[in-house]
Every structure is written in C-alpha cells, then in structure tokens.
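Below, each structure is written out as structure tokens.
Below, subunit A partners subunit B and then partners subunit C, in two separate complexes.
And now, the complex of A and B:
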C-alpha cells in the first residue's frame, strides 16, 4: 500500500471503532528505525500540534493558546499509535473506542463553558429542568 | 491508553516538520520544496518513508494528481500532467541528502 502522508492522512477526520469522531490528524509522528529508515509511529491530534504545523504568527498564537489550556500531565498532543489504525480512506478509522483516548482540551473547555449553558444540552432531560 | 497521550517519543520527527522544507540531492543540489512524503507498507508491518514529492514551488502540489491512482475529469488530469511534468517530481528517499 502506498500512502501520501500529506494528501492521504494529514487533516483527515479520525473516527473510532464505532464511527464516532475523535478529531483530525493534525500531524504525524515519524521515527528513525534501527536500519535508519523513517517509519510512521503515531498520529498526533490537538490544536497545539496543528498550530505548530501551520506556522507563522497565526499558528504560533493557536499553539500558544492551546498550550495554556493544557491541564493534563505530561503535556503534549494526543498520540494515537499507528497500530491502532484499522483503515485509511476518506476518514481514518481506529480499531479502538474513543473512550480510551484523552479528550482534546479545547473540546473539554467548550463543553464546560459553552455547551453546558445551552438549554437542552444535557444528556439528562431532568437535569435541564432543575 | 491514556498513558499514550504522552509527549512525542525521543528521536521522533513530525511530518509537518519535513513538508515545506527544501530538499537537496546527494550532490548538494537543491531539488525544490518537499510537498509530500511517500510511505510504503501497511499498518501491521510498518509504514516506511520511501520517497518525497518535490515541487519547484510551494503551491506546486496540484490536488494530488501526482498519485498514480488519481482519478478525475480528463481535462484536469491532462492539464495537471503537463504542469506537473515541469514542476513536480518524485524523489526516492535514498537519493536525498539527509544531513539537513
């Protein structure tokens, strides 16, 4: 199988094993093997990674904001090992559930500060009445 | 799985660090700008970088028409081939100078 990393993987949507969205492929981690050949080791997800790849003043701003929002330790992008990928196509499908992955900070922040204020946003209808 | 949300592993590089960088041949001659990385293999046995797509100009990518499996309107394909012949080349990884 021949894959063009930029065209076939970067910026593609990632779906988990049940078809639920995980995020986008914001960058791809490569490592030098013992034979000196570069191989794909992981997909990287997160606004910080994307900002760094974008570069320039806008990219630096996005990466800086994302870095400040990071609360988990150790800090860094969400790293999905390549052997957890089931197939690539219009989207990248994982062999695992997204529950096993760390939630991106931006989504956590949006849920806690924006989504929760929208009437009817709760999964529990009774909770919205109170 | 959460422990895998850690930092990049030691000695790793990102595809985004390579794409957009100048590519040089073994003789030190500048070939152009890396527009894409080509990997071969499969997910189980490993995806190894075997080559790069080099464009004379940063925007010389042309919608992925350099891929053999590309399909699309014949007019666009023909136009892309004519333009790409002058601007886009595929270079094997071992033909590159990796010092940079």
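And now, the complex of A and C:
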C-alpha cells in the first residue's frame, strides 16, 4: 500500500470496527525490512508520542509527564499493528473492536474516579428514542 | 412536523451565534450609535456563515467527520494546538458570558442581583448537558429562542420610519460624532459574531450527534440555509429597534434591560415578557452550544470519544472537559467581571482565530477522499475564497482597532 504518511495517516482519527473513536494517529512506527525497504509497522497513540512530535519545551514536558504517569507494562504508547488497519480514508478504520486495545489511562482514571460517581453516568441517551 | 423539527440544529446554532448575550447588547449598542449604517454587516455575515456551515454540514453528512478533526489533520499538531488553545479560550469566555447572560435575564424578572443566580444557572446547564438528549436540548432552546421575533413584531407594529432606516442603511458611513475606527471596530465585532468558530464546531458535531448520513445532505443544507438567515433576522430586531427608539434621541445602550425595552414600549407587558423569555432561551441555548463545543474541540483534537449520543461513561474525558469548563466559567463570573463586556472582547478575539478554523474547512470541502463527487462546486469555492480573504483582513485588523478605539468607547 502506498500512502503519504504525513498526509494520509498522521493526525487522522482512528475508528474501531464498530466506528467508535480510538484516538488520533499521534505517530507511526517504521521498520526497515529485509529487502531494505522502509515500511509502516504500527500506529502509535498517546500523549507521550504526541508530545514528542509536538516538540519544543512544551512537547517535551508533556511527553515526560505522560511517561511518568504511566502504570501499565510494558510502558510506552498504545501500539496498533498496521495489519489491524482495514481502511484508510477520511478516518483510519481498524478491523478489530477497541475493547481489544489498551484503553488510555486518563479515560480509565476519569471514568472510575469522576464520571461513574455521578448518577446517570450509564444512562444511554438514545435508549428512550421514539 | 418532523421535517420542520429537523432544522432546529441550524436554528439553535444560529441563535447561539447571532443573538447570544454579547450580540444582543452589541446589536442594540450599534443601532443606538450608528442607526442602521452598519446593517450591511448582517447579510455579509449571514452569507459567510451559510457558505461555510454548508461545507461543514456536507462533510459531517458525507464523511461523518466533525470540523475540529480536520483542523488538526490539515494544520498538523502544532498549529492545530495553537488553534485549539485560541478557540477553546474564546469558547470558554463566551460560555462564562452566556451563563452570566441567563443570570441577567433572570435578574430582569426577579430583581435579585445576577451574581446570585450564576451558580443555579450553572447547575441547571450542567444537568441539561448531562441528562437531556441532544435533540431535546436543541428543540427546547432553539424553538423558545424564536420568541425574540417579538422585536421584529415591534418594528412592524410600531410606526417605524422605514424610509429613514433605509436611508441610513444605504449611507454606510460613521454617523455624527463617530469616527471610522469605531465604525470598523463594530463592523468586525458584528461580522465575527456571525462567524464565531464555535458555531461550526457545534453545527458539524451536532450533525454527527444526529447521525446524519449521505441521505441527509438536503437536511444539512436546509439547516444552514434556514437557521442562519433566521439568526441574522433576529439580530436585526435588536439593531432596528435601537435605531428607531434610541438613536434619534442620542441614548446609549449598555445593558440588557435597555435592549429589550422597545418590545415593551410597543407591545406592552406581553411584548416585554416575550423578549425576556427569548433572551433567556437564546442565552441558555448559547450556553448549551458553547458548553458542548468546549468538549467537542478538545476531544476531537485528541481523537477521544465524545458526544451525547453515547452514555457519559463511554466518553469520560469529554464529559470531564465540559464539567471543568462550566466550573471555570463560574469562577470567572464570580470575580464580578461584567458578562456583557466579556463577550465584546471575545468577539474580537474570535476574529483572530477565524482563519485557522475556516481554511481547513475549505481545503477538506475540496477533498475527494472525504466527499467523493460532492466536493465544492465553483460557486462554493468562489464564495469560500472571497470570505477567507475577508476573514483574514478582519483578523489582522481586529486587535489594532480594539487598541485604537479602546474597545469601541
């Protein structure tokens, strides 16, 4: 597949197989194959790689903070192997559900410590749709 | 009926842009100082927002992508972040002003100082954003906000000197005692209020919230082409009545109470009550629009889950941003900052961030990856380009004019 990395992949929205948002393509992982050709091996998501790409003092600070706050092992950004990508268009669509991917820590933390403690957090706003 | 209700997204978006608290007072102030000499800005603004909202609606319906997604994608993470910071700041300051505006409307009815109402209004707003369905919010505030039509009724029912108004409108120069600097300052503020960035964030995200698909292109267009002209017309209600009742007598307008007064002068208590109800709904609607937009912009920049069509637990970061934005707005208001002045500065600041919002929209509206054969035609591109130039000129002139005129004083 031939793509313009900076244009067709970077900073695009990633959707899972059901169309739910996973994150943005914050960076990509490249590898040199045996034939010496450079190819994309994975999409990377997370504040750490986003901060690094942002660069400058602000970017470095964000990347450093994100790295320090991480608890999961192995540490590092969320990595989505390129063979899980089904389609690249207006968004990058995956072939798998986002439940199979690591959830960003901030989302987990805020859900468990803030959002579910407020009554009505699980109410489906469209359940009563007539 | 269902078809009619389908355009409430456009109506609420436009009300939040054209007749939110700052615009209500700005339109009245402009009418009182310049008569209708600045009338031309309203149609210019209406056409501009229609052109770009139509593009956003098309992208939302055809590709399912809201605007802020495109901003980062086309401008990269750094410039995208600069735009996010600017837009978020404008949206947050406007949110604070709207909460203050709702509180001011309640003050008009109750006589109790608005600051005391601020916490109650904020709680009501948050409850609405947390519990009510998107369509419910949109219909409730979009349709009730239409009560502001009472000012147009006042214009028609009263003995309005139409030929005089037309004469002022056709002689678009500063009126006696005003100079070109303040003339252009108010022109830019009025133009920016028509094209505030959160309008397109809200409009396109709303299209996604309502699950627009390729079949809904017509609906998206109807929303843009009915909603925004209606918003402009309601704004003219304030400018026109002020031009009739305040301008000839040299009365300056600076409060909400003065802005709604003409409705009472012509139509009595009922008219005044309708105007206050309309202001209440329009400012509350604008608070809904800016409150949600604060979450939309941040979540879409980072690619997080967002929106009211999923349960809050599925969009924890989005709802946290909305909650924190409301809390920050309350804190800002409790410093006793004047909500009306706050929006007037916000309008000028928003003029500065406009180019970074509208350029990516124009680019994407020409991208076949997104729109297939529904890309911009020649007409849309012509207007898109013309308005982009106008937006850039306004952005460059905004801050110097604000300094030179001392904020239009």
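Definition applied: the second predicted complex is superposed on the first by the 113 of 130 C-alpha atoms of A that agree within 3 Å, B and C clash if a C-alpha of one lies under 4 Å from a C-alpha of the other, contacts with A are read in each partner's own complex, and residues count from 1 in each chain.
In the analysis below, contacts are C-beta pairs under 8 Å (C-beta built on N, C-alpha and C of every residue); 3 or more make two chains touch, one makes a residue touch a chain.
Note that the coordinates shown come from a computational prediction; the quantities given were computed from them, not determined experimentally.
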Exercise. Given the touch rule stated above, what does A:28 touch, subunit B (first), subunit C (second), both, or neither?
Worked result: first
Exercise. After lining up the shared chain so the two structures overlap, which partner does A:102 touch, if you call subunit B first and subunit C second: first, second, both or neither?
Worked result: first
Problem set entry | Partner chain in contact with A:94 - subunit B first, subunit C second, else both or neither | neither
Exercise. Can A:39 be said to touch subunit B (first), subunit C (second), both, or neither?
Worked result: first
For this session: Once the structures are superposed on A, label A:115 by its partner contacts, choosing first (subunit B), second (subunit C), both or neither.
Result: second
For this session: Examine A:82 and indicate which partner it touches, taking first as subunit B and second as subunit C; both and neither are also allowed.
Result: first
Problem set entry | Partner chain(s) touched by A:53 [first = subunit B, second = subunit C, both, neither] | both
Problem set entry | Shared subunit A surface residues [contacts with subunit B and with subunit C] | 53, 55
Seminar exercise, completed: Within the complex, subunit C is touched by subunit A residues 11-14, 19-24, 26, 45, 50, 53-55, 89-91, 104, 106-107, 110-111, 114-116, 118, 120-126, 128-129
For this session: Going by the contact rule at the top, pick out the subunit B residues touching subunit A in the complex.
Result: 1-2, 4-9, 11-16, 18-20, 35-44, 46-49, 53, 61, 64, 67-68, 93
Exercise. Mind pulling up the subunit A residues that touch subunit B in the complex?
Worked result: 1-7, 10, 27-33, 37-42, 44, 49, 52-53, 55, 72, 74-83, 85, 96, 100-102
Exercise. Residues of subunit C touching subunit A in their complex?
Worked result: 63-65, 69, 72-73, 76-78, 80-81, 130-134, 300-306, 308-314, 316-317, 319-320, 323, 369-370
